[in-house]
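In what follows, chain A forms one complex with chain B and a second complex with chain C.
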Partner chain A sequence: MLGYYIRLSWLSLKKTPVLSTLMVLAVAVGIGSCLTILTLYGAVSSNPMAHKNESIAAIQLNTWGDEGGYYENNNIPVSLTYLDAKALYDADVADQLVLTILAGMAVNVPGADQDASVEESRVVTRDFFDMFDVPLIEGATWSERADQYGEPVAILNEALAKKYWPDSEAVGKSMELEGVAHTVVGVVDEGWNMTPSVYDLYGEPFRDAPQIYIPFFQVAEKQLPFWGNMSGWKVEDIRSHQDLLDSELVWIYAWAGFSSEQNRGEFEQFLRGFIDQQHEQGRYPLSQDFYLQTPEQWLDIFEVVSEDDKLLLLMSFAFLSVCLLNSVVLLLAKFSRHAPEAGVRRALGASKSSIFIQHLSESLMIALLGAALGLVLSLLGLAGVRQLYDNYTGIASVSTLTYVAAIALALLAGVLSGLLPSFKISRTAPALYLKAD
Partner chain B sequence: MLETGPIFRAMLRRPAGPLLIILQLAITIAIVSNSLSFIQKRSEFINREPGLEVEGLLKIWAKPDESRGNLDDMIEEDLRFLNDQSTVESVIAINGLPMGGMGGTSGFATAPTMDVEGQQVLSAAASMLSVTEGWLETLGATLIRGENFAFDDYQRFRPENNPTSSPIIVTEVIAEQLFPDQNPIGQSIYIGELVSFTVVGVIENMFGHQLYWEWPYHTVVIPKMQLSESSNYLIRTNEKSEELVLDDLVAGLRDLSDNRIVGDEKTMTTIARDTYSGEYAMITLLSIVVFLLIGVNALGVVGLTSFWISQRRKQIGIRRALGASRTAIVRYFLLENIMLVAGAVAIGGIAAISASIYMVKAYGFEPLAWFYIPASALVVLLITLGAAIFPVNKASRISPVEAVAGR
Partner chain C sequence: MLEMKSVKKVYRSSLVETHALRDFNLSVDQGEFVAVTGPSGSGKTTFLNIAGLLETFEGGQYLLDGSDVSKLSDRERSQIRNEKIGFIFQGFNLISDLNLFDNVDVPLRYRGMKASERKDRIMSSLERVGLAARAKHYPAQLSGGQQQRVAIARALAGEPRFLLADEPTGNLDTLMARQVMEMLEEINGEGMTIVMVTHDPDLARRAERNIQIVDGQVTDFKLYQGIAQPAQESASETIS
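Coming up: the complex of A and B.
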């Protein structure tokens, strides 16, 4: 039966080649643009830490002393002062504690024939790798001791490791970072890049993967070339690195990971006590609150999905609806010419529902052809998007979502556009056409 | 005489087709009017006056090798080298980068503390640019009051020797905000009790680092530069081939000594383009949406009109046989199209305004200006008429004999 309907549909489409082509083209353009935007939106709005949404949290401490509140995000500082970051680390209450900043480290390997260069470097505590599931292909995370004392060790991105040591293991080698010799202890899989980069969403959530990772507490010794955002509410005379460490400036992103609800409870209790104690000493002048934000909430706070993304999504669906209405109108017109034929089929015993299905399968066929062509168009569309947005290079590409959406949109388009025309023709009264013809 | 009555009654007899096409055109009008309005707003945003000469301005970033170099010496040496190049008109070192999104921002007030008795203390947040000599020519900024810094004002400091006072040049908006109805020249402004500045000049409004915050023209310039770990150079050139000049200069700096890392070279045009890349992308995408919509509607109208005509060949033939002229036939079908568009304008106008109201509420976009609705209605009318004209013209050639006898 299905084969029969498919053949009938195909014959009917071939009878009006121009109209059929127009319909397929219109559906293809609609589905193609919708797929392009959906793919993009899917990537932009994804939460790569969804599986740990309940067990890790970004830490917000409200140290702000200006009545206006922190000027961005949710009006609470999104990063911590060094004083607070160090205190949280030293207290060692949460099962995992990640402190992180971004730095641009000058890299030089004495004796290598590569020019010195500056690389995006993530300055992190060792829990970072575990918490954010960073796959190490060589070596391992640095030791707790190295973590505490900010020893000169480094973990490299595979790409950078290969650049300097194409033929051998990088682990155990030495490289100068900002003029200081570091020992390579691990290598991160080149393919790993978290988008959006939940661990640090400031400025560019679709950044490239870090090239170098070094222990956070190197900042205790000296100023690293800081590439993040440093904000303050207080006029402070900062002349030395120690002044910076002792200041109320916020610049460090902090995450806590919990293995149990009990651990989370302990951490919250610790924070409450810590803030009260700091308040007594004159810090936290306005409010003494803190917040533990899930990755999901963090993505919201940084508005990773922009208003423009939402607008484009809206536009693409409105556009698709125009294309579908277009199909409905054309099918209506086309089917109205089939009335005599349908009348004869009805007279020969075909039921209303088989006439309905016959015509619906024609609209489904148009939608499927349109979706197939639309999928090709979305490849072009995504290539175009990569041209337009430098930072979307890694994410604007066909994903499983694209294929699933293509099938869903095809079925939706076929049914929506064919429903009314097929229904109308299935109600053809046979008698009228028997007489007329 | 116009056949609006018969056309209307004919539509009423089979309302589904006309209603759906009206709906299709209405949504088109809603999308096109909102898109055109967005495109216009984004273009205005991009085309704001930067207050500096973007063309012919180049940026190079350099950093001394920690173990071997000293930033102050490096800047000295590099500026001398760059100044000597025939392609270079002028060059400065600068902390912060106009339009580049990076740099220091601070609050400036007319008194060291905010509560002074009997005096109203005014304040403003501003992007801070610290520069070396030659910054006016290099940036292409315009001094409108007062004087430029004196030669001795230009100094470079390690953070531990941060100065507690300095001359300062501010933009017009800053001068107006801090010293309304007063001569700003010679006045003092403060960063708390930390630093005091004396206003020596006012420049025309010029962009600071941030183009996306509330106050893009809140910019101040100081001649005292804090040395951190690296520096930006801005270079003015008269050469047309900016990229080539840039490559040459970078190569020259690298040859100068291998005690430094030189890179991140960009023309200011590229920097501005990158900063606005989201805007450009939206303009392009929305233009594509409008363009494709026009295409889809045109396809639809061609298909539909052809079908209606072939359905009505007999009717047309009879009308022709009864004496209707070819123009009368053409007029009938075009009138039909105009009526559909009229219906669509009514619904589409309402849809466009509601969509706009929704987006104003949900996303904080600016409301739609009314004239975009008639403008897009006109666009839609032109498409439908343009698309209908071919099949209609063919219809008018239907011979009366063929149509009546041929079936």
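Coming up: the complex of A and C.
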């Protein structure tokens, strides 16, 4: 019977093309706007590290000495001093330890056709690649020794590698970063871009994928420039790079990874002891707290999903509701003209439920057509967002969520808009419409 | 085959109660051709609607093939309408968007038949009324008489137990009316039970039996043994 109902629905839509078009447009505009917002919201609110929510943690140490407290996020510094970061790294207690900051590197490949350029780079310890599931398509991460001593090695994004070596492997090649020769040891799949960038959410959680990765201790100890944020709570006379490394300024994001609860326990115990020791030496003046935040908590702390985002999502559903209400009114008008035919069908043996399903099928067909058109509108909307906002380039694109939502919204719209009109027409008293006049 | 005992039907509005049928008794046997006449507002249509299970009623009993159909659910009533009753309306009530094939197909669709069986029945019914060649035409492309023949084909396709005809020639000119009436007589001659509501005394006289309804009750009964025989007062046979 479903095929029969679909055929009847199509005939009915063709019979009133203007009304049908209006209904499809009403649903399309509602679903299109809803899909656009949902796609953006889905990307913004997703936790790409959900699968490691229990096994990795962002480290917060409360070194702050200002009684007014740290002024952002959860009122505890979100980054570490170099003193603490280095101590955690050297202690080697956690199974994985990632230290990371943002940097910009002037790139030059002697003899290459391309001009020198400045590329957004990420300065990391080697565990970064494994902890955040960064896919290497060539080579491998640098060695432990290179990690510890900040050796001049680099891992490139596939796009950058192709730019300089389009016809050959980049691994083993040499390039100058800030004038220092680095050897390429690996290449990251250019399709990889974690959004939001859980590993560093400060400022812009929807940044483009880094083009270059270099060992953390190069920047720290060889004075390469970095772009990350830096915060402090006391006046310090910082005149040299070493002064910066010895200061109470916080600027390094740190993550720990644990393969077991026991390892987590050992790390927590280490932190307690370390902080107590530092406190005795005059640091950590106000609090000796530390926090290990899950990726989910980290996203909350940085308010990646803002209240405005939630409000926008609600508004998009409200708009869809208004569109559906319009569709309900139009369907009521359309179906009221079906009453004589429904009366004949009832006389010929159609039950109330048959008439109901027949008309609900028509409403679903309108909603599916509306959803298809809405999907096209959503594609245009997302393209518009990408055009207007550079930082949305990575997330304003159609995802699986968009398609699933399109189908779900179509079914929802079809049922919601068709329920009342279909119910009313199914209650048609057949005898009323069977007389000649 | 069709038996109504003390059936009562009341239409209620906020101001008035209208007794459309009161203590209504009627029995129709298998193979009969019964004409139901009466003045406007007498209850003819109400009787037809109740007989066709298109309306419910308040009191009394309605037996179809010996089964009480008074208290059935909508689904059960729909199923009986679909399987046992064929309708022929004054205004034909064909669906204008469907061609003749699909119009005749409508009752069969609700019976869940296989496509091949439906097709056989549809073509056979259209052949029966002489319109098989026009199966792909639409109702608007036919004359009134042809449309009524399609309606008859639709009613016959489901092989019902009886036909309910409501003024089947009311919208037709004399020639077409005669053709349709002859077709009904032919169908009745093959054993089909027909109950026909009509205003036209000439048509009524062509039925085997004539029931007159006045004020919601059967008041007169005339038995004809052929065409246009004189009326006889013998209501006692069927009125309890």
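Simple rule for what comes next: the second predicted complex is superposed on the first by the 427 of 437 C-alpha atoms of A that agree within 3 Å, B and C clash if a C-alpha of one lies under 4 Å from a C-alpha of the other, contacts with A are read in each partner's own complex, and residues count from 1 in each chain.
Criterion: a residue touches a chain if its C-beta (ideal position, glycine included) is under 8 Å from a C-beta of that chain, and two chains touch if they have at least 3 such contacts.
Since this is a predicted model, take the numbers as computed values, not measurements.
Taking the superposition as given, does A:R272 touch the first partner, chain B, the second, chain C, both, or neither?
Neither: A:R272 stays clear of chain B and chain C.
Classify the contacts of A:V344 with the two partner chains as first (chain B alone), second (chain C alone), both, or neither.
second
So in the superposed three-chain picture, is A:H51 touching just chain B, just chain C, both, or none of them (first/second/both/neither)?
Neither partner.
Which partner does A:Y4 contact after superposing on A: first (chain B), second (chain C), both, neither?
A:Y4 contacts chain C only, not chain B.
Considering only the touch criterion stated at the top, classify A:R427 as touching first (chain B), second (chain C), both, or neither.
neither
Mind telling me which of the two, chain B or chain C, contacts the most residues of chain A?
So, of the two partners, B touches more residues of chain A.
So which bits of chain A does chain B touch that chain C touches too?
Residues common to the chain A contacts of chain C and of chain B do not exist here, since the sets are disjoint.
Please output the residues of chain A touching chain B within their complex, sorted ascending.
18-19, 22-23, 25-26, 29-30, 33, 106, 108, 115-118, 176, 178-180, 203, 223, 225, 235-240, 306-308, 310-312, 314-316, 318-319, 321-323, 325-326, 328-330, 332-334, 336-337, 385, 388-390, 420, 424
Which residues of chain B touch chain A in the complex?
The contact residues of chain B facing chain A are 16-17, 20-21, 23-24, 27-28, 30-31, 35, 38, 63, 65-67, 101, 159-162, 191-194, 229-230, 254, 258, 261, 263, 274, 277-278, 280-282, 284-286, 288-289, 292-293, 295-297, 299-300, 302-304, 306-308, 311, 359, 362-365.
For the complex, which residues does chain C have touching chain A?
45, 49, 52, 54-55, 74-75, 78-79, 81-83, 87, 89-91, 93, 95, 97-98, 106-107, 109-112, 154, 158, 166-167, 170-171
Give every residue of chain A touching chain C within the complex, in rising order.
Interface residues on chain A, with respect to chain C: 1, 4, 11-12, 15, 340-341, 343-354, 429-431, 434-437.
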